[in-house]
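Going by the order they are written in, the chains are A, B, C and D; count residues from 1 in each one.
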């Protein structure tokens, strides 16, 4: 009686499609050919859109951004499991998921070219990029609470964040609120092994990031984040639970940031090329393509056609980026408040007058 | 291989002396008679000092405060396990621990009578009361880091906080930093079941508070917080680990807030008297007295003598409280910065001139 | 009409808005079963249930962060910070997100919410319970800051704040919570956000204040008026952001003299901005330096020294006299 | 003497102070192996080891909170916030504890630490990377706020800040990090905290600024001087809290006219306090309203609109001309 066991916990890892393309058929999710091909297409578009953007950045045609290459699976496969009624609340490395939600690639470019206009897109219930690490996880919990309060059983909120974000207090407050409220939230941690220069093992002493949910009585699982099938299955299960009133889940998706943190970063200062090379072997696109091929859904010809199609789509986005200029300079005055106030309008007038003079002078 | 168990965890509970005074002899800590009597004395003084303060508050002789009655064991027994080289970093419900550290009861009264002077005491490495819930836990981690950096192997930092505090982001950041740094910190959660009106089960979905440490790879244990022997043993083990370079520990001490949250609070609005009555039966003082009696260290006569002694000590503190007045009004100007600045000095002069006039006018 | 104190008036506003609009929810520490530590939310949980009157875990960033999500999701959350000194924990969510979703998305997503913050001194409280943080919030573009001074305007302004499309920090002067009562009509009343009120008209000098300081300010004005028959104008700002510059400037153009009263430290307090606005638009009308009767640039002292540090009617009186006497 | 840019000068200060005083430690996100995202801490980890150059987990409140503990424990921590927009997460620890241990314990416990914060616009960065938060920090009693404007004073002020007995928020104008070089002596140099510098003497008008805005301000001054031969005084504040009121007031008494330039929003920006101080002590010397060339009261726009929104040499020039022309 003096030393009583009170509670015990276990964290498990899910992998369905391994890096060699081997499949665990018992766990294979039931996805239609159309869904599988959409997933592959979106991941491929994200990869190509990302790589093209790196060039644009080097040419000064967009500003600083965080490449997503290598991390296409967690956002895209999760978004595939979502419906239009679910909320998508990302951080800044979820390009594939935003594309799956219907955000135009051009919006992503325009945003990263320093225009708020890049955040004005029609994709349903999809919030723009959130830069402050960890903060957005709380918004997801509030969105989920609102849905629950209104009896919208078909609505959950899905939020994404990195391994580094699990150190921020906001992340824990979000998990805790979600646990207490049994709010329909899916927390997806993209553990890409690095937070800028800080490796995962120096971010926290915990052996897994999934176990952070134990602190808040929230179920959690680790998945191979380069395995789109595992991510999909875990996300689907978590979403089903959320929709069914079963509350939140944390999914740790183990993946890797193959590029620099952002285009301002030089990763050779802090990590080994060998490590990066090792992770290239686990490229989610290669693995998924093999899977599609084995299912008879894919071949070289289709691949060539897709590549051509994507090339055109990316070119179109680049053209849209180039066309996106000349937006009204005084928009910040227009959108700072939802009501008009003399003090603001007078500053706007002063601003515009100054611009006019400056343009002439 | 697809569903791989990755990690498992267990939380245990320690009790040595149960509420009927039954002892688990195998686990009984080796404390000298002097130590045991000191512990009993300090807990008794805290109880009496607290109850007397309630009356002082009702008479308007001190301001709002949070009574500690019922929670004497965790701070006092932990402080007994500490040395002068360890840091004591409390919240606001650790009167017994502060007394054990050598903080005069009078200082506690003077602080709660609205004088910063109540924070100026000689007790070694003992920080004043910290009101912002959770914030102080980070200071403890920094103190521990400093000690470790300087090679002070005999120094750990011990920080106290409530069940409610475990919801604050700062608490998690503190645990995480301590885990990564393997800093010599002992986190003592006084889980007194309530955070003002919020019961423990609505504070978090977690079954125990101890398990919050799992999120950060930090070992944790739950103890019966009304059992001074269990608290002492857990604290001693955690301190030994910290001093030995083994890093941080979280101790959840399960106890109960027998009084109101603070003197401004009316607990009948939100909790049942029956629950309170149930916990009075687990009074740590009653239990510990029985233990001392069985060990032949205590009897009614000694009890009477102690009560008399404590009564006198408390009266002395009340007298010191009454005497503590007339402190310089401009002390806030003196202590806002460590260097002199004209702008501040001119305000001080303006302040003093204004007081002078007001006094005459 | 019922005679209500400010706590009751705020409670009335919340009750009626929750009845009128089911999107309105209340959240915070102890706002439910306990009715809030000041009882502003008293009884709401019985009327509207636990789902709309939400006792949250103890985490201020969590409270505002989830309130932002609720607002994005179509609710109208009214969050409570238990005391001013703890409200800073929600500052990053306020500055980083509540204030920005509108501008970030050019209006596609907005965050209509209210954060109620009991603030200011005078109630013999512990450390961190008596701060006056107006500046921190009024300085954030995209946030409105409202401060009532009495039960009636508190009720009307809270209703307006709840219906406002923007995040509103609603500072409640806790010293005024139970200090006095006013007639507050049962029927709906609102007051426009962004407008100051002329509490008394006059031509010799303008006294500007808000919140709990309105009472000593009015006392001081009355004393000076009686003693020397001066004609004193008094402005009750009611909104600190966006500032009602028009009313301020008009008054100073008329009087040419002024005293601004607030509790928080002098440096970078709202008085500084008011003086700067007068400098911008009415400098040539000024006949004397505008005096600031404010807290000092020190850490808010514990309560034994508090009264000596808070602006008092005497200090305000003296400042008015000196400013009137200035050549 | 070596010609250094500001990054190198700050690095020199850190290196020398760490050599001189083993209590000095550096902590923050990516300050170690990576050398800081701006390379201010470059090479320190190789020289002083991981224990004194601490790559922390990603948590700003954690960084400042543990730095407070380190300072209480006898170290001299220099914490880095990666960008201004994330520094608000440490605000509660700064306001609630760093600024208060001294006053709370009447000097028994103190918190000598430095928080370095890269701040301000002009580097085409993402949202939250370009804010100018001077007011938030300068408004906290018990905190000092220092802003260098060039490599040499950056080095000298950082040394002073590290040796200062109080918490110092050290705002580094990131636009100036690599913009230009100055001779910076290898030998120790310090500059007093709390003192402004007269960057140019003049009698017709005073321009007040600090940080990155010093360069456009000086450009504008030069242009106006050349165009109309005006005698313009320029103050580089260097410390924003506590303010060097003496130097400010003396200058305005001499010139009677002024322009204050800063990046952050106008409302409640430091310019307001400067104007209020002049109102307090030099109003009768004023011949024209002091003009504020500042950011606007809007959310900091994304980088395409940034240059249009930041004070430019042209705007400053215009304000100087208008102020000189005022009757």
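Of note:
The working rule: a contact is a pair of C-beta atoms (placed from the backbone, for glycine too) under 8 Å apart; a residue touches a chain by one contact, two chains touch by 3 or more.
Nothing here was measured: the structure is a model prediction, and the numbers come from that model.
For the interfaces B-D and B-C, the C-beta contact count is higher for B-D.
At the far end from subunit B, in terms of centres built from Cα atoms, lies A. Centres computed as Cα averages put subunit B at a distance of 40 Å from subunit D. Computed from the mean C-alpha positions, the centre of subunit A lies at a distance of 43 Å from the centre of subunit B. Our note on geometry: subunit A versus subunit D, Cα centroid distance of 36 Å, whole angstroms.
Residue positions 116, 132, 167-170, 173, 176, 180, 202-204, 331-332, 335-336, 343-344 of subunit A each touch two or more of the other chains. Counting partners per residue, subunit D has 57, 59, 61-62, 85, 89, 92, 96, 103-104, 127-128, 141-142, 242-243, 267, 297-299, 301 as the residues that reach two or more other chains.
Residues 25, 51-52, 56-57, 59, 61-62, 64-75, 77, 92-93, 96-97, 102-110, 112, 141-142, 144, 164-166, 193-194, 242-246 of subunit D touch subunit B in their complex. Note for the complex: subunit D touches subunit A at residues 29-30, 32-35, 37, 55, 57-59, 61-62, 85-86, 89, 124-129, 266-267, 296-299, 301-306, 308-309, 312, 314-315, 318.
Here subunit B touches subunit C in the complex through residues 63-65, 111, 113-116, 131-134, 164-165, 167-169, 195-198, 202-204, 264-265, 269-270, 327, 329, 331-333, 335-336, 343-344, 347-348, 351, 354-355, 357-358, 361, going by the rule given at the top.
Partner subunit C is touched in their complex by these residues of subunit A: 87, 89, 116-117, 119-120, 127-128, 130, 132, 135-147, 149-150, 157, 169-170, 173-174, 176-177, 180, 331-332, 334-339, 341-344, 346.
On the subunit A side of its complex with subunit B, the touching residues are 1-16, 24, 26-27, 167-170, 172-173, 176, 179-180, 182, 202-208, 210-218, 222, 230.
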